[in-house]
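The structure follows.
The first chain written gets the first letter, and so on, giving A, B, C, D, E, F, G and H; residue counts start at 1 in each chain.
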Amino acid sequence: MNNTYINALLKKVAEHKISIEKAALEIKAAPFEELGFAKIDTHRKIRNGVPEVIYGAGKSAEQILQICETMKNNGQEQILITRLSEEKAKEISSSFKLDYNNIGNIGLIGEPSNPDGIGKIVIATGGTSDMYAAEEAAFTAKALGNEIVCLYDVGVAGLHRLLAHIDELMSASVVIAVAGMEGALASVVAGLVDCPVIAVPTSVGYGASFGGLSALLSMLNSCASGVSVVNIDNGFGAAYQANMINHIGERK
Amino acid sequence: MNNTYINALLKKVAEHKISIEKAALEIKAAPFEELGFAKIDTHRKIRNGVPEVIYGAGKSAEQILQICETMKNNGQEQILITRLSEEKAKEISSSFKLDYNNIGNIGLIGEPSNPDGIGKIVIATGGTSDMYAAEEAAFTAKALGNEIVCLYDVGVAGLHRLLAHIDELMSASVVIAVAGMEGALASVVAGLVDCPVIAVPTSVGYGASFGGLSALLSMLNSCASGVSVVNIDNGFGAAYQANMINHIGERK
Amino acid sequence: MNNTYINALLKKVAEHKISIEKAALEIKAAPFEELGFAKIDTHRKIRNGVPEVIYGAGKSAEQILQICETMKNNGQEQILITRLSEEKAKEISSSFKLDYNNIGNIGLIGEPSNPDGIGKIVIATGGTSDMYAAEEAAFTAKALGNEIVCLYDVGVAGLHRLLAHIDELMSASVVIAVAGMEGALASVVAGLVDCPVIAVPTSVGYGASFGGLSALLSMLNSCASGVSVVNIDNGFGAAYQANMINHIGERK
Amino acid sequence: MNNTYINALLKKVAEHKISIEKAALEIKAAPFEELGFAKIDTHRKIRNGVPEVIYGAGKSAEQILQICETMKNNGQEQILITRLSEEKAKEISSSFKLDYNNIGNIGLIGEPSNPDGIGKIVIATGGTSDMYAAEEAAFTAKALGNEIVCLYDVGVAGLHRLLAHIDELMSASVVIAVAGMEGALASVVAGLVDCPVIAVPTSVGYGASFGGLSALLSMLNSCASGVSVVNIDNGFGAAYQANMINHIGERK
Amino acid sequence: MNNTYINALLKKVAEHKISIEKAALEIKAAPFEELGFAKIDTHRKIRNGVPEVIYGAGKSAEQILQICETMKNNGQEQILITRLSEEKAKEISSSFKLDYNNIGNIGLIGEPSNPDGIGKIVIATGGTSDMYAAEEAAFTAKALGNEIVCLYDVGVAGLHRLLAHIDELMSASVVIAVAGMEGALASVVAGLVDCPVIAVPTSVGYGASFGGLSALLSMLNSCASGVSVVNIDNGFGAAYQANMINHIGERK
Amino acid sequence: MNNTYINALLKKVAEHKISIEKAALEIKAAPFEELGFAKIDTHRKIRNGVPEVIYGAGKSAEQILQICETMKNNGQEQILITRLSEEKAKEISSSFKLDYNNIGNIGLIGEPSNPDGIGKIVIATGGTSDMYAAEEAAFTAKALGNEIVCLYDVGVAGLHRLLAHIDELMSASVVIAVAGMEGALASVVAGLVDCPVIAVPTSVGYGASFGGLSALLSMLNSCASGVSVVNIDNGFGAAYQANMINHIGERK
Amino acid sequence: MNNTYINALLKKVAEHKISIEKAALEIKAAPFEELGFAKIDTHRKIRNGVPEVIYGAGKSAEQILQICETMKNNGQEQILITRLSEEKAKEISSSFKLDYNNIGNIGLIGEPSNPDGIGKIVIATGGTSDMYAAEEAAFTAKALGNEIVCLYDVGVAGLHRLLAHIDELMSASVVIAVAGMEGALASVVAGLVDCPVIAVPTSVGYGASFGGLSALLSMLNSCASGVSVVNIDNGFGAAYQANMINHIGERK
Amino acid sequence: MNNTYINALLKKVAEHKISIEKAALEIKAAPFEELGFAKIDTHRKIRNGVPEVIYGAGKSAEQILQICETMKNNGQEQILITRLSEEKAKEISSSFKLDYNNIGNIGLIGEPSNPDGIGKIVIATGGTSDMYAAEEAAFTAKALGNEIVCLYDVGVAGLHRLLAHIDELMSASVVIAVAGMEGALASVVAGLVDCPVIAVPTSVGYGASFGGLSALLSMLNSCASGVSVVNIDNGFGAAYQANMINHIGERK
């Protein structure tokens, strides 16, 4: 709640245009809508620059539908739903026009924003099996208004595959490096580029990969500077921050 | 090694302005200088936008001095040295003019760059004891050319301390959230701002904080979007990436 | 076995109103009933203030039924069964009138006690997906005789949702803070209230949440005082202790 | 910031007794004092019922002294300092009258509050070597106004030592169970009493105790209901919550 | 291979009663039978005092049958099969007379040995849900020739249930303490008896029990002397060693 | 990209036999084929001595088929596919002649190479249940051109079973030691032989084996020299390196 | 408190030879002596067969001395003190005749008991550096009245060193296997002998031995039956149980 | 003990050239010398191809000296001592001519063997601070008779530094890749070469490197084939195995 708003409100109070009780209420009024099982944050676009996103895991299709409707009624034009299974996607599609990506398990109601970022977001994966997290990132980045370039299966076991794309990497405004197993991709990419690298460890691997722990630790300990890390398999989170970075000039 | 450079070189070969052997050598020539115990990466500013930084831990004062001299001879004007103990700083000060910060254990030879970023970098800490990592971040960000704002001891146990600085947080281009113990600061800040939050877990705490593991996991699992994480106590790494973000318009 | 009881018994011995053998037996006699596979603690209400509760996981419906019958025969009027699957609940319903909550997987035979505690128990969750543990807590607290207030989906990513309920939080006698992911809710709430906060980490999350470990460590390392923690997903345990606190004036 | 306060303030605005700017400022005004390296929370007693406590670890004696002076100037009569080494205690003693406990490494400026709680707080330890955490708890509980009973070295390896104190345990309003190694004390005590048990795992032990992890996990998995757990070695935190429980009738 | 045997063999060589080649072969001859996928150790009873036991997990019913036949052909009268699912047990029953315990998932071909140990083996569990491991232990102990006493559901949350059996515990030659969750049973029992306690941590529990880790660490850190520990859920292993102890006088 | 190749290319440039653009392209040209979801490394045999192997886990049968076809079209005669389920193997068999091992879940299109290594590769397992990883290793080693000897079920619980094969072990050029549970086989074998031992920890075991962690740590901490370790269950990786060792004389 | 005692006491009550109050007191009377910081368990020899042992770590020399004096005054003739540093041993020696072992850091006041066990206790170590734990075990076993045989440096890297002592191992009544690093000694020994093996993992090792965790897990997962495990470095605990086993015939 | 030896011995028995007793003794005779605290394995060169090496950690200088003397007396010409501190090295130097490396903390009595391996062993490190483990490897490899090439500070943050040495890497018979932090060096190198890569994780790093765990897991999960791993900081072990590989043609 910023200063300007409070000043304006207080002015109304001083001018007796609003009752004290009503003003007190307004100061405390929550900019969210109550659904009982969920509180929809209808002011988030103003506060965080991106409207609220629905985390689909652990919510029933009905709950998701109800949230979507409330959002629509509050004028939210673009609704992103992550961790959305194919079955739930079908149910939602019967009520809303949903663009769904079945590799990244992510869907969008409404149109992607204009790709008006500073540059391109490059999404690179170590292997083919990391695609699920990469597609989640790509879909998110595109929905939020970014031009994206996908470089899949460019892991460090065959460096030439990565180096063949050096121009695309060099021209990125942000690189999202998605890798499981030993997660070395993030370090190698960060050593090659001059833009931020957001690393997404994946749970791809077996044995001592311990569900992505190996890649996670690797990325946190990167010997190359300029790397930050999100949760295992969190392609959405990486794209969300990449979008913020790619639009950073806008809001200041 | 980008395309333009190779094209130019090949043109010289075609025009017999350079011998085949010399060209082959040049293509392979490493843009680094060999010191025996270290290979100094003299081209890094061109490649990564920031000149090479010396990681002082596990290097003797003599080794650091020798690296500094080589850097100087290669025209590197600004030398940042992290994890530099007070004793080593003294030894280096006898040969170079060193600006040293004894809380962050970090030093700079040369002048800080002009603060010409897109906006301000806000560095917030949960408590007073997190200052060592915050100062490392602040010193780095300043050296690399950023305006900084430090908000120390604004942990979530007393939310009003944080909320009192809401204007400074809202106007940041990047926030670096530094916290130990439960590391909740990152989530709370990310819920309030519309810019990227880089989280630095610290090893502050005892018992089940397990040397910063608690804060690290917290920050990776942040329920608020827009948070990415660096290694425990890695204030330098956070500032390095924040600097990249704050200058992102420049190089594209 | 308290002093008064032994004194009384010994008095009977001295007065030869009871044989030595019988007294010896009584001193050793176990206040529980033997079912072979289980020993029902029929004196627990006297000793601990709450009658024995059945932990339904790993017990067959038949075993649970048999335990219920024994309890009933021993005059236990209220039987709480936790971790009770919907199928087992159905089987038990055919023999007993069971009030069952299918989110919290918990059921009650008999009536809830009168809500006669000192104040209200507030149960807050970080997200919608934490509801299963919160409902277990709410059902337990109500059954044991407490007035409850549920504040769901008030996680720290949107602080205003929590702050909108500040009055309810401030007036609680105990707050149960239920959260997965980074578990920051406990710290933020504890910084706002003047009553004990019992934190319930949940296994909600993915990747580096490691089945609730992240939230658990967060809550144990809370920078705010007044927080204690129960096992991951242990809504019952939190409510059990909250009930003890809310009735603390009674038995002293 | 509660409703009453805002109403009163808005009334002043409506009556033009205060300017809009000043009111806006006051709404935002932080009830803390800024020291640069620390922000002292001078309103905490009102908000949390207990004045702010100084966590002495990682603060210099000078910093602690400066904080104490600010607190004193703000009228805080009782200042509790935890994790205070003997050397720092000496330095502080030269400026303030400090009551210091060199086992619990904790000190108090000012007088302990009146022991006006509902009942007694019993502090039990498994062994002699757990005394450091128990003394921290005992000192804290006493300072905050509680009658305490200390039962040291009553670990489960010799149950009779514990059972000999059954009367004291039964009459407690809260029991703080302090134990390292396998931490079984908490479960055994909770099975015997009808009041909340706050368990403090200690780092006492070697090998597979992993710095208190063994006791911590034990206590979290207690088969007895009514146990909640604080961080390893956190005697202060246990006593802080015990005090809240022991005074719970007061503020409602 | 002991001295006596070699001496005898060498004597035959010296007396030319056996060829050099044959003697060399015999020295090297393996006292096992080769099945291709398994090598059956037909001498184990001589070497270890107990014939080889079949670990049924990860072996098909056919493989187990084939091993059983080879054992039978080699004169092994008693065949114990652990971790044997109900389905496999059925298949084996069609070829052999199998005594099967469907709680402990363990079966015996042949008769149990005479219960001729020094004393009784007491098997105690913390709860009803620990019975699977306890039954594995009880069945094994009985098969190997021991008198057993089972005390189930005597966990420390209701000490009186355990203390009611103090005579049986005091008269044991070995106690096997089986418990999940916090595993305190082992410590409490060891404090009461004068015989070895073999502790079996079980995977019973949830959340921070981490699949039995909590009970395992508890038991390893027991504050009571005289406790040793086997793997999580390893009732067989505990009974195997208990049998060795209960027959220790025999072979010396 | 080695020197010779660049020299030759540059010579062509100097002799104007190739255009600058084409040469630049060639220098950058990736020796892999792009399938969209995968980049097939068609030069790997030249670079690493072994053609690219398909990791079947997380790839659909169709994706694997498409990769196989591209490889075939590029003249790769031998295609090894690991972690290939029986169902996928069937689908692939309809298009290619596939030799499939359903214990090791591994298949080969084309013929095994000639067994022309320096010596034999011995593959030993601790138990019957470790066979899946051993068969993966055996199949791989054979496919890549090695004579193999399999010694299954020679675990250290019956040393004589292992010692009976001492001649085979002594004559190996590499031993692959495959074991779960406590993984002691690697140390014991390494103490007996004079060739490298590659240890494969398996996930065989339960409880505190923690999915192979126990065996992994054992093997890494081997008190015997000459042991190196691959990932849990990674029979392929062990055989791959063993093949390199067994052919080491060839390429130097 | 056994039945006989209670019967006798009750008889006195019935015969009015003792007052009710006194009898009640006696039933509750704790068989320990109160020192304030410690409760000495003066009845332990009767209950557990071995008098109380002093755990010297975390106790001052003065505290230990005071405990020793109380024990002496209560007629305890043999006092074993574990984890006793050399300095403390010196201080104690000035008041008591102390037999001190400076490798095992253990001391004895009084004479070792007669070696009257069933057989010999063999203590074997993997390496020379495990001697500290082995000496603790050997000293304890001897003090408690056992004949011991020490086999040091018989690790599995050189099996012949172990096999050379096969006769001594075969004739043991208990073997204590002490090893760090990969801890394979326990499995190998258990495969060779027919008596219980108590395994002591040591913290000897570096890197992935993680302070003894590697050896601990190995020993818990032993593929050989008949092994149980005590805490890392707990030579005392192993010997304590071995003594119980070696005297098992005595008390039944 | 191989077949030939036994045959020869038996032949002597048959020919009565040796008594039965003496032969029996000889068969059992351990090829080691007993020092009390250590058993020196004087036959190891015959069995394992490399004479016994002294692990200096946890041994006193006197113990090491005594072992050296016994080795010398048994004709061992080359004695390698690892983990040897500078102080102990000095003490040993007074009795033996010792070649000592104070970075790798390793020393050699006697001359290095002739460098007669198949090829060169390349030792590469990620950074300057990994040198201690690399020097241990280099010294060992040289002592055992190998030509070595050291490539230090060629970590993946500056790929060109590594690629500049591609010829040396391509011509190696074994590469030892030594790296801390994220340990990506092993994967990148293995993708470039056609020889075995032995990876040595180091404990270099801080925070989430957890003492080398991060690098260890990375290397175990390498996406490139042909990598095996030794313990954290175990340069000696890597070189020991590399030497075996580099001499593999010799003994077959």
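Going forward, a residue touches a chain if its C-beta (ideal position, glycine included) is under 8 Å from a C-beta of that chain, and two chains touch if they have at least 3 such contacts.
Quick caveat, the model's predicted, so the values are computed rather than measured.
Student: Hey, which one of B-F, D-E or A-B is the same interface as F-G, over half the contact pairs lining up?
Tutor: Equivalent contacts to F-G are found in D-E.
Student: Of all chains present, which has the mean Cα position farthest from that of chain F?
Tutor: When every chain centre is compared against chain F, the largest gap points to D.
Student: Between E-F and F-H, flag the pair that has more C-beta pairs in contact.
Tutor: Between E-F and F-H, the larger count of C-beta pairs in contact belongs to F-H.
Student: With centres defined by CA atoms only, which chain is the most remote from chain G?
Tutor: Chain centre farthest from chain G's centre: A.
Student: So the centre of each chain is just the mean of its C-alpha atoms; given that, what is the distance between chain B and chain H in Å?
Tutor: 38
Student: Whole-Å distance, chain E centre to chain G centre, using C-alpha means?
Tutor: 24
Student: If you average the Cα atoms of chain A and of chain G to get two centres, how far apart are those centres in Å?
Tutor: Spacing between the chain centres: roughly 59 Å.
Student: Quick check: what residues of chain C touch more than one other chain, meaning two or more?
Tutor: 1, 3, 28, 127, 157-158, 191-192, 207-209, 213, 216, 220-221, 225, 231-232
Student: Chain pairs in touch?
Tutor: Contacting pairs: A-B, A-C, A-D, A-F, A-H, B-C, B-D, B-F, B-H, C-D, C-E, C-G, D-E, D-G, E-F, E-G, E-H, F-G, F-H, G-H.
Student: Would you tell me which residues of chain B are touching chain D in their complex?
Tutor: 127-129, 131, 152-154, 157-158, 160-161, 163-164, 204, 206-209
Student: Which residues of chain G touch chain E once you look at their complex with the stated criterion?
Tutor: Residues 1-3, 47-50, 53, 118-119, 166-167, 170-171, 173, 191-196, 198, 216, 220-221, 225-232, 236-238, 240-241, 244-246, 248-249, 251-252.
Student: Inside the complex, what are the residues of chain H that reach chain G?
Tutor: Within the complex, chain H contacts chain G at residues 1, 28-32, 36-39, 41, 43-44, 55, 57-59, 63, 201, 203, 211-213, 216, 231-234.
Student: Where on chain G does chain F make contact in their complex?
Tutor: Touching chain F: residues 126-127, 155-159, 181-184, 187-188, 190-192, 205, 207-210, 213-215, 217-225 of chain G.
Student: Under the definition above, what is the set of chain A residues touching chain D in their complex?
Tutor: Counting only chain A, the residues touching chain D are 3, 6-7, 10-11, 13-14, 16, 20-21, 23-24, 27-28.
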